[in-house]
Structure formats: structure tokens, C-alpha cells
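Okay, so subunit A shows up in both of these, paired with subunit B first and subunit C after.
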Partner chain A sequence: MNQLTSNHTGNSLLVFFIMFFVLPSPAFATGPRVTTALFSADKSEIHAVDFPPFVSSDVVDGGAISELVNTALARGGVDAVISTHPIQRMVRYYLLQEDAMAVIGWHFQLTAEQKKHLILIPITRLPEKYFYYKPRHPNGLMINDVSLKGLRYGAHKGEDTSTFEKAGVEVQYGRSIALLKKLKNNELDFICSPPKTVEWLLDRYMSDEKENFVSTAGDAEKQLFYIVFNRKHADGEMAADKFNKALKDMVNDGTYGKIVEKHLGKGDDGKLYLRRLETFK
Partner chain B sequence: MNKVILALISLLFIASMSASAAEFKMVKPEQVGLSSERLKNMDQLIDNHIHQKKIAGAVVLVARKGKIAYFRASGLADVGKAMHRDTMFRIVSMTKPVTSTAIMMLYEEGKLLLSDPVSKYIPEFRNQKVLVPMPKGSEFPYRLVPVKREVQIRDLLAHTSGILYLFLNDVYPNPTRRMVVDLYKEAGITDGFCRPDEEIGDMVKRLARLPLYAHPGEVWDYGLNSDVLGYLVEVVSGQKFDTFVEQRIFKPLKMHDSHFYIPEEKLPRLAAVWKSDWKGHLERADDKPIISGDLCLNPSDAEALSGKYLAGGANVLSTVYDYFRFAQMFLNGGELDGVRLLSRKTVELMSATNHIGKHDAEFLHSKGWKFGLGFAIQQDREHSVDSGDAGTFEWAGIYSTRFSIDPKEEKITIFMSQTNPFGHHFELWDKVLVQSASAIAD
Partner chain C sequence: MRYLKALESIGRVTALLLLLSVAVSNSYAEITVQLHANESLPFFSKTMQLNGMAGEIIHAASKAAGITSIIEFRPLKRMIDDDSNNDLGNPAFYMGTQEFSAIIPIAVYHMAVFHYLPNHPRHPEIHAVKDLEGHKIGVLKGTLVDRSQFEKAGIVFEESYSQESLFKKLQKGRIDLVIEINLVGKTMITRLFPSDRESFGSVLIPKSESPIAILLAEKQLNGNALGVRYRQGLQKIRLSGEYETILNKYYGSDGLPEHYIRAMERFTIIYNDGTE
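Then we have the complex of A and B:
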């Protein structure tokens, strides 16, 4: 029942997401420079893994997904803040061991038994692309069933890599920036990631190498990015209902699209929100 | 007219030469109550180690009452290159007292208090958890429990925060430490001895959100604390950490050969790192990282002319003479040659023995040693270096460097070599300190 509701919501959101992504709107003023989650010890926590520029304390308002979630929480009257973690394992820990009210993310690899206690609400669908390091593959890289054998794939923890493994691909795991460095060092052949994430990481850590990281044509996958509420938490179900309603309202009244446009809109306006938050002389 | 200008230039040149020479001015050991004869034992000690191919070379300095009485370079700095007094070394953890000094300068300026929670300045330290292992067979191998109190700046200075070093996983193995270190690795945390290509703040903000090994204040465990402090200097001062240290510490103390990244013209003065089995097999380390368990050392990091990573626990390159000036500042109660960096009271606070409570600083030393706000302090006589005085404070670096400051005898001893692994060197360092102490003749 909940899954059905979730999928329906996901499709609606996707339409609005795409609609608002292509329609330009004026940029908003910059917001607070540090996420409020870091100053709110007493509220319920919603756990998420660092996922720049979508969920990150290093970007304005915590990134697009953080702001979508925070706005929906506020509108729904759910008293909770987002806490980000550097590794996915901790998010999973809080969801399944500590029965946290909610987590945000993807690639959760949840069992049917675990899902019984959870309410998955899609926030957005993120396109991913395969990236490789051009100097290592000057003639390009074909990612298909025939060409995969012998290649090395860099995966994020929780990613379903069974298809690649069956095709004879060696899989290594790591954080996105570590995987990009491994591409450069010829320890990997390809990775899969949202283009915005790759762009943000390269801008920050390897700007002089930006031209060398290229993607294959077309989208690799489109993964749903969820907020997962926990029925085992005393406020989990109620918060899920409130959040879901608020998110739908945000889609309908245009708030959702404006937030997305603010963070990811084309041109310099969007980039304003993706910049580093701190600089030292 | 031209003759006058020429004469003036000559005078200026002579003046500058003599100023430079004065920096290395030495006195006869007897002038400061040391025995020349007994200091020859130091020559023999080092020369024997070189002869036995345990180390390639070393520079040793002993100063008393503000005067250098013994300053000797011996052996090789690199293949075919003699060690000199001005040879530059990777001082690694001897960076930590420098970082502590930077923090204490900000403390004296009223910018922070030692009891401040670190989260006041680095918000990621808020809501920290401690990892507690679960019984075997549990769904999750550990639980994360909220800290009883937040990590304070004092905890970082005294290593009572519960933050670890990865490499000590090999030295003090236990399941809890292993689990914390595994989380560190997964999050891309390193000890910084193989310098990562990121800014120190990036590392610190990830580290802050990983579980602690123990509740703050309930453990003494040598860890990445000074690296956090380096970033804290950036946050509080608004300056890059290296800029702050260079402008506020190195320059005023005339530590002209101390750097976070080496200037190109000084590369020829950088000592090579040597691998020694302590049994006569000695070879120069190549450019590849030296990896042993969870310890990663990359000697060639020191050859980088620039970089982003500014590790308050490990970054600095220096000379024996420069470090002597830094140590003399401490021995003088915070001042050197008319330049005061710290007050006498702050130096007393840094070298007090109460900061780690009932714990002992059992890493370089053993029971009887405490840890102050940047270095270990001898509290009583239960250590092999019994010739030192209670109140002596010292620390070392992982490529085999060590300093010791004995306030009672107004004596400074500095040893620098570049040899791996460091575990063999404890005995040599201790013997150097014994020779230094036993040369006292007044």
C-alpha cells in the first residue's frame, strides 16, 4: 500500500522536477551559511550521507535535496533536522539499529522484512552517467555487455553491482572523490554518478583535470532518491504522512521547482548555491 | 662617491654575515656547566650507530642556559651527501607543539577558552557518539552512544578526545579500535603521513562525524587531535594555518628554515629517509610510500613545493637549529630575543601534569609521564631516562626526531635523523638524553 503510494508520488514528482528544471526562474538570495542541523541537538534527526551538491553542509542551504526535505518538514510541522554522515554505513546503522525517525538516500539494499517497517517516499529521480578518464581511454569507453569483461568498476557502498560482476567486471568500492582519483590513477576504468556530483567534486578537488573526466552518451541509470520513515520510531508514521502531504503541496504550488531551480538552475545563478562556504586568507 | 657606496655595501655584507654567523654561535660546554669530555660520549654513541649502519646520519644539539654547547652533524643526509647542521628534516609530530603554540596564542588573545566545546567553532563536532562494541552475534557489531560531554579544546591539546590515529591500531590492537579505524578508512581519513590531496578542513569535518573511540576525558590516546587544532586555528583566526604559523611563530622566532612546504631552493638540504632493520641493513627509501599495516609514510611528500593539506600534527619541515629556537622560547617562559609569543603562565599551563588526570602518556614513554598541552612531561622517576628531571617535557617525530626541554637544568637536547621504522629508535633517543644529562658538570 505504501509502496504504491510512493511510486505514484514519485512519477508526479518526476514530471514537476523536469518541468521546473527546464523553465528558468529568478535566483533567490543566499541563505544561512551553515546548515541548521549542526546547531539543533534536541530535535529528531534525519540521517543522510554526504552527497554533494544535493545533500552537503558544504553548499548553501545544505543543497537542493536538503532544502526540499527541510521545507517539507517545516511545512508539515515535523520537528526534525538533517544530520549528514561521511559514510553510508552510518546512515544504515541509524535506520536499522537506532530506529531513527527517517533517513535520506538511495542504494539502501533493504530486505523485504526490513521494508515492512519502513515508508519510502521518493523525493526525486536523479539521472546518472558512466564516467571514465579520457587519457586512459582516448578512444572512448563502451559500456555494454560485450565490452565489459576485464574492466574495473568503481561503486558506492550499497550499489547493486551484480550485473557488472556477472559480466566479468572487477568491482571496487569507495567514496565518490576516491573513485574519481582512482580513475585518474588507472586503478579503475569507469564509475557511475550523477553528473552534477562529478562536476562539483572536480571543481573542488581536481579543477585542472576537469576536461579529462568524460561521460558516455546517454544516461546510465535513473535512481530514485528517497526519504525513508521508520514505523518503529514513535513519530515515524505520522511524520511520513505530514511530510508526504507537504511535499505534494510543494510540487503543486511551485515551491519544489523553485528550490530545484535555485540550486541547479543553468548559468551562474544556480552555481551561486554550489560554491564553497568557507575561505581562509 | 662610488668608493663610499662600495664601502657601505661591504659593511652591510659583513654585518649580515656576522648576524648569520651569530645564529650558530656556540660556547664551550664548560661555560654553561657542561663537560666537553663527557659530551664526547655523545659523539661515540652517534658514530657507533652510524658505523653499525643502524642510522645513516644525525644532527644533535645540546644547549644550556640559552647557549649552544654541542652541535654536531655526522654521517650522511642522503647517498653521497654529508649531513650538515643546517640539513632539513621531516619533523612530523614535532609539529604538534607548534600547533599547540598557535592555539595558545589565540587563547591568550581571548579568542577561545580551553574548556570551549570544539563544536562552538567546528559545528560538525556537535552530537558526537562513542562506539561501544556489541557481543558477538549481534545484528550490528557496535552501538553508538552519545558522548557524556562534548570534546573540548583542552582534549585536543592533551589527546583525551577519543580521536585516534590509524597506525596505532597495529601497536595497541583491540576490536573497538579496529572498528573505529575501519570507519576512518571507509570515510577516507588518513594519519596525514601519506598526505592526501584535500584541505585539512575537509578531513576534519568528516572525522568529527565519525564515532569516538572513548568518551572525551576518559582516555589518553594519541591521535589526530593536532590536525583538528590546525583547522581550528584557521576557523578562529580566519587565516590559512600555514600563513598563521609562518607569520606569528616562524618569522618572529627567526625560524627561517621551517616550512609547511619546502621552497625549491632548499630541496638540496632535505635529508633522505633511510630504512633500517637495526641489524646493519640500511637503505635509502625510494619514492614509494612505506606501508606497514595501518601505517602509511610517504617521505617524498616533503619534496612537494606546494599543497593543500596543512596537518597540524605532521606537516612541518625544519632544522635542528630552528627547533632549538622554538624550544628555547618555551624554556624562557614564552619569549626569545625580545619576542614574546606566550606568557610565562601559559607555558606553565602547557607543561602542567594535571591535564590527563589519572592516565599516563604511555606511547613514547611509560608510567610516570603525563601529557601537557602539546608534549609529554616527566612527572616522576619511573622511566628509563631517569637522568632527566621531573618537569622535563619532550616529544618526537615518526622519522626519528626528538626534542627534550629540562627546565630545572635550563637544558635543551635535540636529535634529528630520518630513519624508518621509528620503533627501533626509542633506545637511541633515550641514550642521547642520558648522554646530554650526564654531561652536566656543575
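Then we have the complex of A and C:
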């Protein structure tokens, strides 16, 4: 059982993120959102789901994955800009209905037919853990086939939950922050998420509750985070080639590592993401 | 005996039909829904007739759907912090922290770059971030999203706490440009400078459209069904022309921004099947 606050790199990362967070508080419910994407009408758009601290306009340089993508695009000479959206279905809509040049994300649940028109390039592999709310489960929570029946699992849209469903788990869907709130309100028993995302969201929205959200031992899932280029877009295939080459060059010349280190620190967390990348180079 | 049995059967069927009719009539009964808005002229306002442009659309669509919508005004921070209420506005402001059972886009707004003609007679040509370089640009505090990216590009903004302050600075030449919602800026200029409003120019920012929506809380009773009724009501007033009449009242002689209807259709598709 790992408490978030006992994470060995947690404190240094917390300071790092607090230093660089930009926490805009909108003044009007119909107010403007002044983004760089707003002044890039002539550029192709790459759509992404807001997924802090990896992809988010609330994090310096848009987060680690945004900076990796932007750097690779610039190196490859691909004139495109990232637009972040609050929900997954918006990203899918732009990819599949409006033939956007590319999207960034995970859990896309694309059909074989859809994949024929798409080029999936992994950017990183995100380690995940199971989290639960300790006051609801003071004796801890075991996540195995025997112990799951009757529990409630909070999933991200697109996640493969078939194993849990077969084991008699009730599955509810939502975005990360909503799932964390449901854990606290005893509407869910456990969720699966990258620890960095949980840490970021708790820091921002429930800092006084941070001690109460704990993870089970060991990694739960390892999800690939992709950039998906669209062959239906006039420049999609060419942009994918350029991007792929630039990303490989960034890994080889150390740029990739420097960006990961900038966002995730020199500790084990940063190394973890680098190590994962080697598996799909 | 057979006659009595037949009567009994008819009685049962009648009772069943009566029960069904009550259930159906209840599902379409007048219902009152409380919605929270933030004062944001001219879209939502406590002081404007029928609560402003978006308020008028909501009341008209509600009437067409047999719903009584009560709009209460709250500070935005309270609306965002409250996870159990029904919100009005741009979904992007609320969806980061709250789940909704239905999101119904009702209108679209666009952003514009404003300038003061005596100081800057030419319309600003802003097509890329670099085009902002060398200008003193005013924005409302809290609206700047990816600040670090702008700073990297050497763009510095002057942030103000109120729209009044922004447009007064623009008129005095303390800033060159203001980035604001098209209709909000025009309303503010008309209020602040009624005799000088022709001296202000504006250029719509392409692809800057955002939705204004009714966001029904996840725990709103019968939220999905209510969402369907709101959508039906909206469709009725769009077909009858009432929707267009309301928009024309606010957009006036400038007319609707190009692609307004297309943007409205897109947001309707994106949010129609739920929130994910």
C-alpha cells in the first residue's frame, strides 16, 4: 500500500509543479479562453483530451507529452498546433467526423475499419496503479479476481473493463477528478490511474485529502499513449512520417529524456518513462 | 357469467390504460428546473429582460418543452466549486471537475480583437501568434490559458479585473488591442461610450467559436429525459423562427457571425449523446 505523500519523488515534484502551475480562474461562464491555438487558424489542429500533468493547458508548456509532441512537430517541420478538450468524445469527433490531421490520447477503442485510415505512433507508456479511499477501506483493498465481486470500479471512457465485469464488479465511467470525488463519496471502491495524474488532481482540488487516497502495491496497468495521424487528412501520412522520424531522433540525441526530466524530475519517475519508451522504440 | 368475465377483463384493461395514461402525462408534465448562471452581459444577466440572449433562448425553449426554468445568478467560482448544481455557460469551464447527465448547447459565441480607430485606424491582421508581437494586448484576468506558450513567443498581456477597465484603457491608448467575446465587447463599448462607439473596430478571430450550454448535473432527477425535452424545445423554437428572432435582436445590423449555424450543429452533435 503506497500513500501518495510517501512517494519518494513526490515532494520535489510537488514543489516543481506548484512553481509552474498556471491556475487560471475564469471570470465569466461565457468568457474567452485565450490560447495559442486561437491564433493558429491556418495551422492544422491536433486534438487532445485534457490529461494533467501530461497534456494540459494548466501546466507549463502544456505538460510533458505536449512538449514532446510540439518539439517533434517543430523538428519535423509539421505546422500544427495542439488544442485540448475536456472530453474524449470531442477528440474522437474531430478525428473520425472532421478528419483532423491527428489526435493525442489513450483508450481510443478504435475499430479495425477505423484503424485502416489511421497511423498510431506511441509517445510513451504510462504506468498506472489502483487507488482507493482509505477511510472507506481502512484495512486496505486487495485487487484480485477473488476479492472483486460486489466492488464498484471507476473507469475512464474507452477503458477495457471486461475483466472486472466478468469478476462481478460494477463499472461506472467518468473523468479522473470525478472518479476521485466518487471514491471519497463512497460511490466507488477503486479506480486505475497514472499516479502522477492522481497526485496533480489531488494537489489542485483536494489537497487536504491527499493522505486518504492510497494505491495498492505494484503497477496495475501500463497504457500506451499515442499520437494518431489521419490518412484522410491531406497531410496526415506525410506528417506522421516526419513526426515519427523526429521523435526517434529526439530519443537518440537525448532531447526526449531532457523534456521528461524537466517535467517529471531526475528521480525514478522520470527514468520510468524513459525506460518504458525503450520497449517500443 | 361469460358477460361478467368479459366486463371484468374490460375493467382490467381500462385500469391498465388509465395507469399508462397517468404515467405518460406525468412524463410530459410541467416541471421546474433550477439553473445557475453567472452575470455575463449580454448572454446572461439578472437585470436584462428575460435574463439576456441565452436566458431568452432558455426560457423560450423551456416553454416549448413544458419546462419552467428558473435562472439564479451566482459568482462563477461558486458555480464551479458546486458539484451538484445545474450550470449555464461554456461546458469547458465546468467539465474539468463535474460530471453531467446532459449537456444541451443553446448558442455559440465568438471572440474578437478590438481596437480604437483614432489610435489604430487599420484593422489588426492577426493570423498567427507572432502577429501579436509588438502590441500591448489587454485581456480579462483569468482568461489567459497557456500563458507559458505566449511568454515563450514573447507576447505579454496586460490583464484587467473588469471589462470596463479594459475598454477604457483601449480608448485612452494605454493598450493597443483587447481580446474579448465579440458580443460582450460590443455591449460594453455601447454602454461605456454611447456617443463614441463608432470609433471602435473589431475583427472576429477565425475558428474561435465556443458553445453556451445548459449543463444538467449528474444527480439531476431524470437528467437524461430532461435533456431530451430541452433539446426538443430548442428544436421547436429553431423551426418556428423564434430562435433566430432572439439572435437577431442581439446581433443587430452586424448579423450572425459566419458559420454560426454550422458551429451550433457541430456542438449539438458533440454533446448530444451524453457527456463522454
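Heads up, the rule we're going with is that the second predicted complex is superposed on the first by the 227 of 281 C-alpha atoms of A that agree within 3 Å, B and C clash if a C-alpha of one lies under 4 Å from a C-alpha of the other, contacts with A are read in each partner's own complex, and residues count from 1 in each chain.
We take it that a contact is a pair of C-beta atoms (placed from the backbone, for glycine too) under 8 Å apart; a residue touches a chain by one contact, two chains touch by 3 or more.
From a predicted model like this one, the values you see are computed outputs, not experimental measurements.
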Superposition-derived comparison: subunit B or subunit C, residues of subunit A touched: C
First (subunit B), second (subunit C), both or neither touched by A:I177: both
Which superposed partner A:G254 touches (first subunit B, second subunit C, both, neither): neither
First (subunit B), second (subunit C), both or neither touched by A:I87: both
First (subunit B), second (subunit C), both or neither touched by A:S57: both
On subunit A, positions contacted by subunit B and by subunit C: 34, 38-39, 41, 50, 57, 85-87, 89-90, 93, 97, 157, 175, 177-178, 181, 205
Touching residues (chain side subunit A, partner subunit C) in the complex: 20, 22, 24-36, 38-43, 50, 57-58, 60-62, 85-90, 93, 97, 157, 173-175, 177-178, 181, 205
Residue ranges of subunit A touching subunit B (in the complex, touch as defined): 34, 38-39, 41, 45, 50, 57, 83-87, 89-90, 93, 96-98, 157, 175, 177-178, 181, 205, 278, 280-281
In the complex with subunit A, residue positions of subunit C that touch it: 37-40, 43-44, 54, 76-77, 79-80, 83, 87-93, 95-99, 109, 111, 126-129, 131-132, 139-150, 152-153, 157, 161, 179-181, 184, 205-208, 210, 212, 269-270, 273-276
Of all residues in subunit B, those that touch subunit A in their complex: 119, 123-124, 126-127, 139-140, 143-144, 183, 186-188, 197-198, 201, 205-206, 209-210, 234, 238-241, 243
